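In the two assemblies presented below, chain A is common to both, partnered first by chain B and then by chain C.
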Partner chain A sequence: MLEAILNGLGGLVAGFQALALDWRSIIMIVIGCILLFLGIKKDCEPLLLVPIGFGCILVNIPLSDLMAKEGFLRVIYDAGVDTELFPLLIFIGIGAMTDFGPVLAQPSTFLLGAAGQFGIFLTLLMALFFGFTKLEAVSIGIIGACDGPTAIYVTSKYAPHLLGAVSVAAYSYMALVPVIQPPIMRAMTTQAERATVMKYKARPVSKTTKILFPLVITILGGLIAPKGLPLLGSIMLGNLMRESGVVSRLTKASENEIANVVTLFLGLCIGATMSGAAFLRPQTLIVLGLGFVAICLDTVCGILFAKGMRVLSGGKINPLIGAAGISAFPMAARVVQREGIKYNKKSYLLMHAMGANAGGQVGSVIAAAVMLSVLAGMGIIS
Partner chain B sequence: MADEVLAPMPGKITRILVKPGDDVLEDEEVLVLEAMKMDNPIFAPSNGKVKEIRVKEGEEVDVDHVLLIIE
Partner chain C sequence: MEMDNTTFGLTMLICGMGGTLLTLWIMSLVMTALGRLFPEKAEPKKEG
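Right, the complex of A and B next:
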């Protein structure tokens, strides 16, 4: 009898024993707590870091089987991440939130949104150089889109074992844009270039244009890059609903309720991929490093392209706006505005940067779509 | 000579930091314009005295709207 009670009580300490034998789970629980600390105390992307951090803690508690077959987190993961459904639902919300007005009013800024994507392709090459497989390299390069849902979509489809590392990299670098970009912007421009004043000329954008934009992009983009149509189609569906003005209930649901519910589940699932055995590998550090390089390269390419536009325009373009051609919206545009006004108190780059930034939002999705279709054409993915 | 301070972009005036008759220096912050959910400081273009303020706090302005006059 006594023995049975002792054995029974032994069941209560089994978790501690298993944890004591598994240093990786201990480290990951600490990492989960750090993510929670950053989210709760430092207000750093709390909507993401709180569920990610908690998911990370949950999955590293031994013997709980939350990610085993039919476990709590596994069910959510299989339903939403494995099927790539969650990032797409988030994209409908992003489309519903994004005003493409500034880019439609100044179409040339759209080019900057394309230039800001070159980092993706350069990083892909570097990842191949480091010995990652082609599909892994695609997923790592896509961190350079500086766009969480795109990165999660591509990675869960082609390299799900890297999902934890890639999404942590994508979201943390997005949050660090205000820290990462300014030194690069300063290093690459001269004082005179940074102080250039750009007049904002508002070209009125008609409602018809705003409604046609998502339709044209969906049909054209879908024909060019069918593999990326889920991404492009969902962001443009959200945007069409927004601009049509006739389905405000659906628009609101997309940008609030649906996006919030999905953010919660998606965050939990990302945390759930961060089990010690899968995450604490040298590979993760290389992914984080390459992701950082990707975002720096995006900034560099964007500024170089803007410098080219400056030459062609006879010095009218301030090359700082090139840094906004990434998808981190609206952080990148705000960084440009703040930097610009430091060098010239009459310089207001915000609207130009918003154009480039909105262009970057579409640009990253189109870049991912093009990449997937090219890879399909090469027979690397099916 | 009077200098007009124009709105550099569309937005909402959230704060007015000077009153008519105030002396201002070039590059001194005179207004805050909220555009795209970001507070943007507007600076005086030259040294002078605030002659007239043409906007109220909370007013929505379009680009090139005259915000205040400095002479």
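Right, the complex of A and C next:
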């Protein structure tokens, strides 16, 4: 009888014993708490960091088997991340939320969205240098897209063991864009360049153009980079629903209910990949470091490209708008506006930066799509 | 024969970045064309 009682009580302390024996789980629980702190207290991407942090804590509590076969988190992971469904559903929501009007009014700013993707490919090269495999390097480089769902889509497909590190890097650095970008913007430009006033002529865009835009981009982009069509098609489907104006129920569901539910599940699943054994490796630190470099390089290349446009336009372009050619929408555009107004109170860069930023959003998807199609062309993926 | 990392990285840089720039440039041309083909019409003024 006494033995049975002791065995029963032993079951209640087994979790503590297992935790005491595994220092990595303790560290990961602390990391989960830090992510929760950043999300709740510092308001850094709380929609993602709160479920990621909690998922991280859940998966590191020993003996709970949440990621074991048929475990609660494993079921969600297999249904939405393994199948790549979650990032695509989020993309439909992003498309439904995004107004591509500013970029349609000034199509030249679209090119800044391409320049902002240079970081992806330069970081890929660096990751190869650090000894990562080709597909791991692709997944690390994609952090430079500054686009969470794209990074998750590519990584879950080609380097699922890096999903936790890549996702945390992508979302953390996106939240840190207002901190990371301004010093680079100041270092890369002169006072006179930063003070340049750009005139904005609000060119109206017809409804027909707005409706045709997602259709044409899907068909054209799909033909050029068919491997990335799930990404491009889902964001453009959301945008077509928005601009058509005839399926407002679907548009609202995509940008609210569906996006919210999927964000919750996706965050939990990312957290669930952060078990101590998988996450606490030198490799993770390198991924986080390379992710940071990728975002910095995006900013540098965007500004350099805008400087080139400034030369070609006879000094009419403020190179700060180049920093907005990344996917962090509309945060990067707001950072540009805030920096510009510091140096010239008459400078109003927001609409130009919004064009570049919307271009960056499409640019990051196109970069990922092109990358996948080039990989397929080289026979590295099927 | 498997491609070495340097060749792979440089190919990705050239084809990937070049492809992205080219695709977005074509798309910007298409958007310009769409804007010209379907300009925003001014709303007719209501009488009375």
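Criterion: the second predicted complex is superposed on the first by the 382 of 382 C-alpha atoms of A that agree within 3 Å, B and C clash if a C-alpha of one lies under 4 Å from a C-alpha of the other, contacts with A are read in each partner's own complex, and residues count from 1 in each chain.
Rule of thumb we're sticking to: a contact is a pair of C-beta atoms (placed from the backbone, for glycine too) under 8 Å apart; a residue touches a chain by one contact, two chains touch by 3 or more.
Predicted model only: the values in this text are computed from it and were never measured.
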Touching partner for A:220 - first (chain B), second (chain C), both, neither: second
Contacts of A:330 with chain B and chain C, given as first, second, both or neither: first
Partner chain(s) touched by A:125 [first = chain B, second = chain C, both, neither]: second
Which partner, chain B or chain C, touches more chain A residues: C
Partner chain(s) touched by A:203 [first = chain B, second = chain C, both, neither]: second
Which of chain B and chain C A:212 touches, first, second, both or neither: second
Touching partner for A:362 - first (chain B), second (chain C), both, neither: second
Partner chain in contact with A:341 - chain B first, chain C second, else both or neither: first
Touching partner for A:113 - first (chain B), second (chain C), both, neither: second
Which of chain B and chain C A:68 touches, first, second, both or neither: neither
Residues of chain A contacting chain B in one complex and chain C in the other: none
Chain C-facing residues of chain A, complex: 103-104, 107-108, 110-111, 113-115, 117-118, 120-122, 124-125, 128-129, 134, 137-138, 203-206, 208-209, 212-213, 216-217, 220-221, 224-225, 359, 362-363, 366-367, 370-371, 373-375, 377-378, 380
List of chain A residues in touch with chain B within their complex: 200-202, 330, 333-334, 337, 341, 345-346, 348, 350-351, 354
Residue ranges of chain C touching chain A (in the complex, touch as defined): 3, 5-6, 8-13, 15-17, 19-21, 23-32, 34-35, 37-41
Touching residues (chain side chain B, partner chain A) in the complex: 8-10, 27, 35-38, 40-41, 43, 45, 62-63
